[in-house]
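In what follows, chain A forms one complex with chain B and a second complex with chain C.
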Partner chain A sequence: MGENILALRNISKAFYGIKALSDVSIRVEKGEVLGIIGENGAGKSTLMNIVGGVLQPDSGDMLLYDQPYKPKNTMDANASKIAFIHQELNLCNNLTVAENIFLIDFPKINKIPYINKREMNRLAHEAIKAVGLQCPPDTLIEKLSQGERQLVEIAKAFSMDAQVIIFDEPTTSLTARETERLFKIIGDLKQKGRSIIYISHILSDIQKLTDRIVVLRDGNVTAEGTTSSFNIDSMIFNMIGRDMKHIYPERKNVVSDEKKVELVNITKKGIVSNINLHAHEGEVVGIFGLMGSGRTELMHIFFGLDSFESGEIKIKGKLKSKNTAVQSIKQGVAFVTENRREEGLMLEMTVLENLSFVAMPNLASRFLRFIDKSRIADKAAAISQRLRIKSGAIEKSAAKSLSGGNQQKVVIGKWLMTSPEIFIVDEPTRGIDVGAKFEVYSVINNLACDGAAVLVVSSEIEELMGICDRIYVMSRGEITGCVGQDEFDRETILRYAFGQCAFNKNASHESEVQQ
Partner chain B sequence: MFLKGSPTERNKSDVKDLFVKVLLSEYFIVFFCLLIFVSLMPVTPHIASRANINNIMSNLWPLFIIAIGQTVVLIVAGIDLSQTSIIAITSVVGAAIMTSKADPTLFEKSPLWGWFLTESGGPLAGEPAAIYAAIFVMILIGVGIGCFNGFFIHKFKMPPFMVTLVSQMLFSALAIYLTKSENIIGLPKNFKAIGSGSIMKIIPYSMIFAIVVAVLAAILLNKTVLGKWLYLVGSNPKASAVIGVPTGKVIIFAYAFSGFCAAMGSVLLSARLIAGRPTLGQTMLMDVVGAAVIGGTSLFGGKGKVSWTLFGALFFVILANALNMMKLPFYVVDMAKGIVIIIAVAFDVLRIEIKRRTNVM
Partner chain C sequence: MNNNNKANMSAFALKLLKNIPLLLFILVFVVFGLITPVFFEWDNIENILTSSSYIGIVAIGMTLVLLTGGIDLSVGSLMFLSASSAGLLIRNFGFPIWLAIVSAIVIGLLVGAFHAFCINKLKLVPFIVTLSTLVALKGLTLMLTKSVAVEWPSAITGMASRRLLGFIPLPVFIFIVIIILVQLMLKSTPLGRHIYAVGYNSEVAAKAGIDHIKIIAVVYILCSVLAAIGGIISVTQLGIVNAGYGEGEEFKAIAAAVLGGTSLSGGVGSVFPGVVIGTLLIQVVQAGLVYLQVDIYMQPIITAGIILLAILLDSLRTMLEKRLERRNITKSCE
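Take a look at the complex of A and B:
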């Protein structure tokens, strides 16, 4: 057992009478990576916010180096050398790397409030070199990729000599390459005696990266131990409190010969080139690609949110004449966006309203299109029941009050109101927990069983292998491979994704990820 | 009065509850209007006289109609600064169509002189249908300018503030150019009735105009798909596009509707003045946007109601009227207006904060 650097004792916290944490005690040893896992709403974020000084506990105390530690705000936490790297990065995009690193405490000239730019850039250069970021310190943040921005956050933690660094879901917007680099840096930090708290939904990462694991459920610690004492199943068991034999639902869909969708030679310069793909009735087709491979852009083009230069889109054998979202919806295409909060939901509006938007014009009267509230409410109630959306009264609770998984069900549910036949589902399980993932997979499976063609875009290979009949792999705006269910193999798919083309033997073997 | 004597704890909390309730009410601004009105009664008793109330009302209706249009634009997260120029240009063109006399010494240099406007008035001078034709053309121009705004905002993704500011300058200058800065008088008698006449001396025609527009707008916003789309586009244009809302058409509609409302307001204002004036409405912009925003419509889009705007407009006319009654110099009036508005806005911020705290779960 190593030396305790941080200890939390009997921490409790309630929000408006609802317990978020009760009597949670955890400890962090020097130079270890501690994984914290749990479903959404289990209390992980609340706990980390308490450590990071964002929230104050109702009861319980914390010890840092055996001294009482009571941060009143993030500044206090930073002063105590605890850094918190949030899922949504807190950087000012219009400022430079160096400025962001020293935002709280700029190096000054002789203590007068005049920033010593040269000194700042020198120190920043050291910090970013330590995390392996290759750019001048006066680069603007907006010019950096997500992964690079994260490195800036880490450099910031580095420059304040943080002893405890908290990572909250750091990999959600990183490419595979960037994730690898992040893990290497976490390894380095550990070597240097820093302690890391790592929060993630991706259990395989937790397994690979951490030394010890704490599992939270409903504000309680349900399991704690060295990583080697857990396997994925036992992690899930402790997270959701019941056994989950299968991460993916049993497949019952039957793929017919009828092509529901066909994309022929779709090209848009600099975005996608020569895309040929199709999906049959009752088929779940995966589209895998690393970040920047053009998968989301392709779906935007297919749905009509973006234009294309040449090629054809055929829906149910009919050529799509006008490539607009309105036209796609008319022809029975649904689009579950990857960006739930910004493109999928009206967060301030109620669940009922959010469910009603797509179907509203169809259910309205012919004359002047008056809204038929009762018909919509009936249908929405049925959908909400069918998808088991957990919320208060759907006509009262705002979409933002729902958990991530339930929000996702609302996004899917609004399309079910019109019974479309072709679904585009972009990153359907991003940021939602294991239990909710299973339900989303079931919904996708059921859609295919009912004869829909489902196109699933995802950056998680396992997920696609678990739910798809066929997987297209994209790299740099091109389809580099298509793998049938019997040939599913992680390595093959990754090889295509890194640019090795299945159709073209002369394709470059270089596997650099493009941005 | 339960405030007097030594109030018990219970009394105190009752007062506090009532205060919070009034503050949180959707119609807070109505109470604020009443407060101003009642507190001024001892100072200027004339304020509650029938004549003055009539005066307040006749100021209310045009402002209300125009502010409804502004509300719809604010709901789609835009702003329409060109409403005042629509009022001016429609006033001038409408009057030119139906006037029955034009003084050559005044209008000789007008570009309309000779082919449109002559010594014997406009093209429809003396025709019984002139009024209807004039109103129709006014609405057409209003809607046209609205479409112009909407088109540029949607098609070229220009900021609404700039587009409508430009059309404000463009069309108010055009109104002045057309008339060489002169008022067009000699309008038909029946037209005058729209501004100051009433059914059986009880219900003014202007009120009927306003109520018709208000009911139309309320039905549009609450009952139709298009109305819901307006809110959707205002609160999240990206998400709206994904679910198949024709965002461009919705935006153009909002500005066209705003132009329609400005034109209707112009009809009332011109009729009350019995003239077409190229500077009509020039000072109204602050009141129009203010009425909508103080009523509760958000400048950031997605939020707004016709009834809120009615009360916002009421607030502005009562405030202006009360300050006029006190016979203060204009600069004092403006200063007082500013202070009262900032108090109203401060209360609004306060109540949103309280609401957020109480509703957070």
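Take a look at the complex of A and C:
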């Protein structure tokens, strides 16, 4: 057993009477990568927020180098050389890379509060070089990609000489190449004797990257041990408390001949060209493409969030006259957007309010169209139960207080309230755990069984192969292939995704696929 | 080829649009000058600079508040209060001029501290807090002055015509000093960078360890202090504070800041050249309209029209920028 850097003893924490953590004790050794896994809402984020000084525990204590450690805020944690890299990066996009790195500790000229820009940029340059970020230190954050921004956060941890670095779901918005680079950096940090706490839902990454694993379930530690003592199945078993026989639900939907949706020659210059696709009643249709292939843009156009130049959209055989979101909703189309925090939820508002937004006009009273609160509440409660949304009272808890998987269920629930016939879901399982994934798949499956047409946009091939009847593949704004269930094959789909020529030239492109 | 030309055109248009306030300023200045050549005379230019100085100072304070995503509607009333109370202190209580001026600045400081208290501790919305003080400070001043105009001693009015280095009027000098100080503060001190950080997103700033409560307090206090200074500088030019004094100045200050590229949602904007150009543009338009003897009732309408035009052009710029940045996905466009 190595030297303990950080020890948490009997930590408990409750929110509004709901226990998030009870009696959790873990330790972090010097120079190790500790993986923390658990379902959404198991308490991982709460625990890390306590270590990072964002939250204070109700009871229990922490020891850092055998000394009591009681951070009251992020600054205290940073001063104790503990850095927390949040899933939602914490950077000011209107400031430069260097300014973000030194935001609370600017190098000054002598003692006067005048920033020594040359020194700041020199130090920042060193720090970003150490994490392999190639840009001048005076670049504005808004000019960087998501992966580069994350490197800035790591550089920041590096420059404060952090001994413990916490990563919360760091790979959700990274490309495969950026992910690989991140893993290499984590390896380097470990070599330099830094301790890493790594939280992720991607169990294969956990297996590859960590030395030890702690599994949390419902606020308790259910298993702990070296990574080699776990396999994926045992991780899942400890996370959800039962065996998971299937990753995908059994498919029972029946595809009819009736076309629910048809896009004919949809073109928008520079974005998509000549898109032809359709989905039948009861069919789950996948749309696969690499990042930037135009799949999300296409769905925006289809739903009416963006205009198109030529082509036709037909819904249930009828030409869509006005391409607006309002029109789409009226015709029974639902759109679960890719980015739930920014596009799918009003984070500050309650779960009930979030659930009721779209359906509100349908559920208004006949007389004067007043909002029918009890009707909405009843329906929302039913949906929340059906989706098993884990939250406090839905009329009281804010959407932001929910875990990622439950937030996603709220977004889906919001649309289920309208009983849609055409369901578009964009990256429905990004950043959520295996259990929640299964539930999302089941919702999709059930919708199809009830006769809806479902369009699933995803960058995970396995996921699409597991739940779809047919998969369209997009590359550079065009549909390059359509594969039926009996021909599903990773190779084929990827070949279409790279466009034929690109694939032949360079087979190693496969690493660009999102994990 | 065709596409290339188009892209170049867009890039050129973008460059033009980026400097809209400056271009509009030059355009308006030249047009007015061609119509009435007196406009180009040094006396007039000095006049414009002097009258820009007080509104510029108030606009700089406003910019600080806008940078954090807040707003201060009370600046006009505070100018009224500070100028009147300084005048009253001199006339009725025999205060020396310097002490009266210091007192006026302290009044500004207290008002700013009150704003900060309401916003930080009572968690009230800046718009409502400062809308209330807009009305309350006006009422307070009318009560103190009993609606009678307050005259300042001639020693003060003489200050406005004093020249530094033989040609810089004192108000302009103070304006320049404040521009330099605030510019340095914003660009090169931790406080300045923290103002931008809080304006971008106060939650992110707080998580990064910035004391955003303190930052908010500082900007509201600075804004009020600068408004008080602006009020005094303005009165050194007029010599008298009557009941309508300060009305509508908040509009000019906000307009000058926005013309200078300051975003109302915070995090974006600059004092120099931004706000300075914005202020000059507004003053040139106003002075020009006087020279052209435009109907006095038409003047505010035209001023507002030009400001709206400038902001419209600026929003065109943002749209064009977005379009240029949009990725081309399809092959055909390469």
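Note that in this section the second predicted complex is superposed on the first by the 388 of 515 C-alpha atoms of A that agree within 3 Å, B and C clash if a C-alpha of one lies under 4 Å from a C-alpha of the other, contacts with A are read in each partner's own complex, and residues count from 1 in each chain.
The working rule: contacts are C-beta pairs under 8 Å (C-beta built on N, C-alpha and C of every residue); 3 or more make two chains touch, one makes a residue touch a chain.
Just so it is clear, the model here is predicted, and its values are computed rather than measured.
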> Taking the superposition as given, does A:Val272 touch the first partner, chain B, the second, chain C, both, or neither?
Replying inline: second
> Now for A:Ile115: first (chain B), second (chain C), both, or neither, which partner does it touch?
Replying inline: second
>> After the superposition on A, what does A:Leu345 contact: first (chain B), second (chain C), both or neither?
In response: first
>> Contacts for A:Thr337 in the overlay, against chain B (first) and chain C (second): which applies, first, second, both or neither?
In response: first
>> With the touch criterion stated at the top, can you tell me which chain A residues are shared between the chain B interface and the chain C interface?
In response: none
>> Could you list, by residue number, the parts of chain A that touch chain C in their complex?
In response: 54, 73-75, 78, 86, 90-95, 99-100, 103-104, 106, 108, 113-115, 117, 269-273, 292-294, 297, 476-478
> Where on chain C does chain A make contact in their complex?
Replying inline: 184, 188-191, 193-194, 196-197, 199-201, 204-205, 207-210, 267-268, 326-333
> Tell me, which parts of chain B touch chain A in their complex?
Replying inline: 223-228, 232, 235-236, 238-239, 241-246, 302, 360-361
> Once bound in the complex, which stretches of chain A touch chain B?
Replying inline: 15-16, 18, 303, 305, 325-326, 328-329, 335, 337, 339, 342-346, 348-349, 357-358, 360-361, 364, 368-371, 401, 414
